[in-house]
C-alpha cells in the first residue's frame, strides 16, 4: 500500500494528476470508502486492503468532467468496467491515469458474521503485502482466525483473472482466486421446475426495498436519468410491494445492462438485503455466450456488444422452449 | 360466492407495420378467423418492441404476448428484426428463468402474404394460452380491476 | 348426420385426405397402372367422397383393382392422395363383418410352391378384417 | 387534455353486420378526452369526411379517432381530412375494426367488445399524440431501371420521353431480355424480334437513356428521392468505345464449347460473344471462364484479329456510383428447374423440351435454324405432345402454387404455328383448364382447335416414357371420355412454370422492398397500387411483380414509368415525421443507438445543455430527420429511454397496452 | 460396423437367397448384420387407414429394439422397408400415433422415431460407398447388361422414403456399375408389377409384368435385378420369361466372390 501512496504523491507532485481516486478508512475496520485525495497530506488517510471491493471506474464519469487528470486505482476486474465506459463515451481516457492495483480477492464481512465472528475490532492479514491466506480478527470476544478464501466475495470465487485490461502502470501483485464455476448457480436455477424458480425469485425479490443501491453502484447503470425515474415510461417511483414491480425493475435493469455488464458483482455486494442480483446479469451473460458466442464486456473498448449486433443465422426465440 | 367464469385470455400482439400487420389485414380480408382475445398493436418494426412493453402487458394482466415481424432478411428496414430476434430470445429466456411458463411469449415471422399463417399462429397461440391458464405469476395485483 | 354423410366423413378420417384440395387435373388417372380395370377412375374417387356417394365407391370394382403402388400419391400436384381414399374405402368394407374379400377356403387353390409369405400376409391385411 | 372525436364507420355492412357500432359510440364517449362520437355508413366517403370537418368546427376537436378499416387502407384519407379541418394530420389514429375484427369474428357480442377495446387503445394513444410536421427532402431527377427486358426498356423510354435521365442496368451483355428469345408473339403472331428490336434501338439512341449492360446493382443506400446506388460494370474485356461490332473475333475464337445462354444451352457459342445478332450494344464480351487466354495464358487470337484494337484482357470490374430519385425493378423471370418432375423424362430424353426451348428451335437464329426437328436425331417429328401446367398450380412443394398465366396462350400459339408450317404433324395438347382471359385470346385458342385441328385433351399427363424405338410414350387419361390415352410422340413440350429471376431476392433485400413466398415483389396494394412497392420510391414493372404476358407487361411498364415521373416531377418531398428524437437532457451520448441505426441517421455532437440549472457540455445524439425512416431500433437499445420515436412513442404504445389489458 | 437387421417373414422362407447373399456380402464388405431378437412380421402392407395403431406395433417393437442397442436398423425386403420406414416416420412426426402407440407399448422410455431405418442398398451407397465396393469386386460382371427393377415400394411416397428420386432413381444403376456391369435404364423400372393383387387378379398382374419385361428387353437388358421377393415372384410367375430375374444381393455376392459361401 505504501508503494501506492508514494507513487500517488509523486504523480501529484510532478503535476501528472491533480487528484487521486482511491479509498480511505471508514468508521469500521471493514468498510473503507471511495475518496478523492488532492494533496500529500490527505493521502495519509489512503487505504487499500482486502475490504476495498468498491469498483472505482464509475466515479470516473464525474471525475472526467473535472479539470485535470485523475489517478484512479483499478483492480483487474474493475478495468473491464472502465473499458466498457470508454466504449460508451462515458469516461474520458485522457482524463485518467490508471494505476492497476494488485488484488488477491476481496472480502465480505458478512461471511465473517455468518461464521459467528462478531464484535470485530480489527482485522489483519488482508493487506496487499500479505499472502492473503489467513485472516486474523481481533474481536471483543478474543482473537479469531479464518481462511481468507472463506471470507471472499462471491464474485472473487469466479474471478475473471489477474490481468488488467487497461492501465498506465501496475502496482502490486494480483492473484487469480477462481475456485468455482461461474455459471454453476445459474445452472442450478435453470434445472428447477417453473414453480421452484418462481418461488425462488419471489422469495429473493420480495426482500427488495428499492433503495437503488444496486443501480447506483453499477458501472453500467450510468444513465443520467434512469427509466425508472422517468415519466416517459410511467414507471417512476413505484412503491414496493412483493409483486411484479420488483421483478420488472430487476429484469429490465439486467436487460439494460445485458451485453454491457462485465459481471463485476457490485450489485450483489452492496445490496443491503443480500439479494443475489448477479444471478440476473449472469443469466444473460450465459445465454449470450451460448447463443451468440463467448463475449466478455469490457475486454476491449471497441467490440460491438451482442445486443447491438446480429448474424443472419442467429437462433430463433423458440430455442428457449426447444432446449428444455 | 364466486362463479366460475369461462377463461377468456388477454393477448397482446405486436405487429410490424410492413409485414405482419399487413398479414393480419390479409387474414381479415380472407376471413380467416382467430379468437377475439387477440388484440393487435401496430408498431413500425419488430425492433420497436421494447421488452418493457411486454413486461408491462403482463403486469397489467395480459395472459400472453406475441410479437410478429417480417421474416429475417425481409425487414423493411433491413436489419430491425435481427436485433428484435436477439432481444426477444434473451427476454424469453429470462422469463423462463424466473419461472414464467414458457409459451406465454412467442415470436413469429409473418409476411404480408401470409394471412393463413397469421391466422393459424394466432389460433395456436390462443390455444396454448388456454392450456396455460391465467397469468398469475407476472400480474401486478394493483393493476387488477 | 345421415348415413351417407357419416360414411363420407369416415373415409376422410381414415384416409386423412381433404378431397376439396383436388383441382381435377386427372394426373392420378393418367398415372394409374390399373386405370383400364377400374370402373370408377382414380380422379373420380374424390368427387364420390365429396358428393357423399360412398355407397357406389365401396361397391365398385376399383376397390380391388388398386395396387397401392402410390403412383397417384407421388404425382398428385395438389397433395390430395386419391390412393389413400380408395384404401380407406376398402377398409370401410373389410371392417364390416362378413365382408371379407378373401376367405381362407379360397387360399389353397391360389397357392403355388414359390408364393412368398409376404403375399399371403399382405392379402389378408388388404382383404380381411 | 385533448378534445377527441371518435368516428365509427359501418363500412356498409362490412363492419356493422358484426359490430354493434352504436355500442362502440356509446362506450367511446365514456373514455377520457372524448368529447364527440358518432357513427356513419361510410366514413371514407365525401359525406363521412364532411362529418369529421363539421365535428372539428363545432366541438373544437384536437384529436381524431376513426374506427374503420385498416390504417393501411385509409389512414392517409383521414389524415388529409383532418388537415382540411385544421387539425394536424398526425393527431389522427385508426382503430382497425374491420380486418382485425368484424371480418374475422362471427359473434356480434364478442366482436363489439373487441371493437370497443380497439377504439379505447386508439383513444388512449391519441391522448398522447403530438402534432408533427413533415420535413422536406430533395429529389434527384434521375431514374434507375433494373433489368433491360421489354419491361425495363418500355419504362425507361417512357420516363426518358418525359424529359428525365434514366439508367438501365442489365446483367447480361445485351438488353432485350426474354422477349428477344421468343420467335412469335400471341395473339397476333408478330415476329418478336421485329417488334422488339426497334424498341431496343430507340432506348439505346435516346439521349436521356444510358444503358449499363453486363452490369449489376451492388449496393443501394438512401431513400425515396435520394437513392445512392453502386453499379458494378463487369469487365467486358472489350473496349466499348473502340469496338466496331464487326464480329470477326467471334468467328475466329477457337473456344466454341460454351453453352449458349441465349439458345437455352441447346447449342454452343464462342468464348467471346454477343448473345444474338441484334444485340445492343453490339459489343461482344469475353466469357473468362471459357476463354483459353484467361484459362491458360495462351491464345490471344481475338486481340490479333481485332482491327480496332478493342480487346482489353486487363480490363477490371468498375464500380459506378450514381444518385437516383426513383428506382424501377424490372428483373423479369426464368423457367423453373425441372429436376423434381422426372416423370416427364426431361432429364432422360433430349426430345422432351420446355416451351422456351421450343421458341429457340422454331426461331431462324436458333440451334436448328428454325427447322422443327428432334434434338436427339435431327428427324422431323410427326407426333407432338404439349403438356400444360408443368410445375404450375402445384400445392406439393415440387412446383409453384400459382398459375403461370402465359402458358395456355403460348401453347396455342406453338400448336398453331406448327400445324401451319408442318401440316403433317399431329399436335396434341394435354390441359387441365384452358385459361384465355384477354383481348382476342379465346378466339385465338379456338382457332387453334377449329382451324388448325389441334387436339386438346383434358387431363394431366401421368408419365412420359422413352421407348426403345426412340419415341416417347405419353401416358394420360382423357377425363371427358374416361379413356386411357397412350400416345407415341416424337417430341414432348412442357409448359414449364415461370418464376421470378433469382437475382430479385438480392435486389429486394438491397431495396428493402418486400417479396412474397414465391419471390414475386409485393405491391403496395394488390388492387389500387399495383405498380408501387411498399418501399417509397421503388416501382415494379413486368413479371417481377407477378406472371404476365407481353401486352400486360408493357402496360405495367408504362404505369410504373408514370409513377416514377410523378415522383421525379416534384422538387421536394415531404418526409415522414415519425422519426426518432433524442431527449437532450436524458441522452448519455453512449453511441449505442448509432450502432443499430440502419441508415446512419444518428450522429453525436457536443452541446452545452442546461439540466435543471447544471450547465455542462454533453455528448448528445442528433437524428437526421431526412435519413431516419422511423424503425425504432434505436429507441429500444437506449437504456435511459432518451431516444423515442415520434408517433410511436413509448408512452403511446404503453397507453395502448394498458387500454387493451384494462 | 454393426447394424440391427430386420429380415422379415419371406426372407426366412421363400427368399432365403436374398438374405443369405446379403449376409455374406456384408461380411466381405466389412459390416455386420445383427438380427434383432424378437422380430415379428411387419404385416406386408403399410396400414391403410390412418387410424390404425395395432398393425403398426410390430414395426415399433423392431425400431425400439434397434434404438436400445444404439444401432441403425437395416432392412432388405422392399415391403418391410416400406412399412417400417413409414411407421418410423409416423412415430417421429404424428403426435397422435406416437402417443397411442406408446400407450400400448409401455416402454421404459417412449419411442419417438429415433432409430434410422436404412435399406441394405442405402448402406451400400451411403455407408460403404459404391467406390469402395468397386474396389472389392473380384469377379467384375463385365459385359452384362442389367436392368434395375425398383417397383413401387422402395421409392414411394418419396417424401417419406427419401430413398432416391422416385421418378428417376439411380441407386441400383450405380450399384450395377460398381459391380462392373452396364445398367440399362428403361422407363417402367419404377412402375408397379401388381404384386399385391397377383393372388386374386392374375390377368392384371400379367399384363403389368409383361409391360415391364418388354420395356427392359426393348432397351437391351439381359436380366433384371430386384430387391423385393414379391416382385421377383410376380415377374417370374406372371412375366413373359423374356428375361431372368434375380435378387441384387446374389449379383453382389457373385461379384465379391463370396457366392460359394452360401450353402445351397
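Should a chain be cited, it is by its letter among A, B, C, D and E, assigned in written order, with residues numbered from 1 in that chain.
Simple rule for what comes next: a residue touches a chain if its C-beta (ideal position, glycine included) is under 8 Å from a C-beta of that chain, and two chains touch if they have at least 3 such contacts.
As the structure is a prediction and not an experimental result, all values here were calculated from the model.
Undergrad: Hey, what chains does chain D share as contacts with chain E?
TA: Expected: C.
Undergrad: Hopping along touching chains only, can you work out the least number of steps from chain A to chain E?
TA: Step count on the best path from chain A to chain E: 2.
Undergrad: With chain A set aside and the rest fixed in place, how do the remaining chains group by touching?
TA: If we ignore chain A, what remains holds together, so that there is one piece.
Undergrad: Can you name the chain that lies farthest from chain B, using the mean of each chain's Cα atoms as its centre?
TA: Centroid comparison gives E as the farthest chain from chain B.
Undergrad: Taking contacts as defined above, which has more of them, C-E or A-D?
TA: Between A-D and C-E, contacts are more numerous in C-E.
Undergrad: Select the chain at the greatest separation from chain A, using centres from the mean of Cα atoms.
TA: C
Undergrad: Could you work out how far the Cα centre of chain A sits from that of chain D, in whole Å?
TA: 54
Undergrad: Would you kindly tell me how far, in whole Å, the mean C-alpha position of chain D lies from that of chain B?
TA: Here chain B and chain D have centroids separated by 30 Å.
Undergrad: Centre to centre, by mean C-alpha position, how many angstrom separate chain A and chain B?
TA: That gives a centre separation of 36 Å.
Undergrad: Roughly how far is chain A from chain C, going centre to centre by Cα mean, in whole Å?
TA: 74
Undergrad: Could you tell me which residues belong to chain D and also touch two or more other chains?
TA: 343, 463, 596, 637, 650, 654
Undergrad: If I count partner chains per residue in chain C, which residues reach a count of at least 2?
TA: Touching at least two other chains: 71.
Undergrad: What are the residues of chain E that contact at least two other chains?
TA: Correct list: 167, 191.
Undergrad: Which pairs of chains touch each other?
TA: Result of the pairwise touch check is A-B, A-D, B-D, C-D, C-E, D-E.
Undergrad: Give every residue of chain B touching chain D within the complex, in rising order.
TA: Those in contact with chain D are residues 10, 12, 17-19, 21-22, 24-25, 27-29, 31-34, 36, 39-45, 47-53, 56-57, 60-62, 70, 73-80, 83, 87, 111-114, 119, 143, 145.
Undergrad: Touching residues of chain E toward chain D in the complex: what are they?
TA: 165, 167-168, 185, 187-188, 191, 215, 218-220
Undergrad: In their complex, what parts of chain C are in touch with chain E?
TA: It is residues 13-16, 33-34, 37, 64-65, 67-71, 73-74, 84, 87-88, 90-91, 101-102, 110, 112, 114-123, 125-127 of chain C that touch chain E.
Undergrad: Spell out the part of chain D that touches chain C in their complex, as residue ranges.
TA: So the residues of chain D in touch with chain C come to 343, 389, 393-396, 398-399, 432, 458-463, 475-477, 479, 482, 484-485.
Undergrad: What does chain E use to touch chain C in their complex?
TA: 8-10, 12-15, 41, 43-45, 47-51, 55, 77, 79, 152, 155-158, 166-167, 191-192, 194-201, 204, 208, 229-230, 233, 236-237
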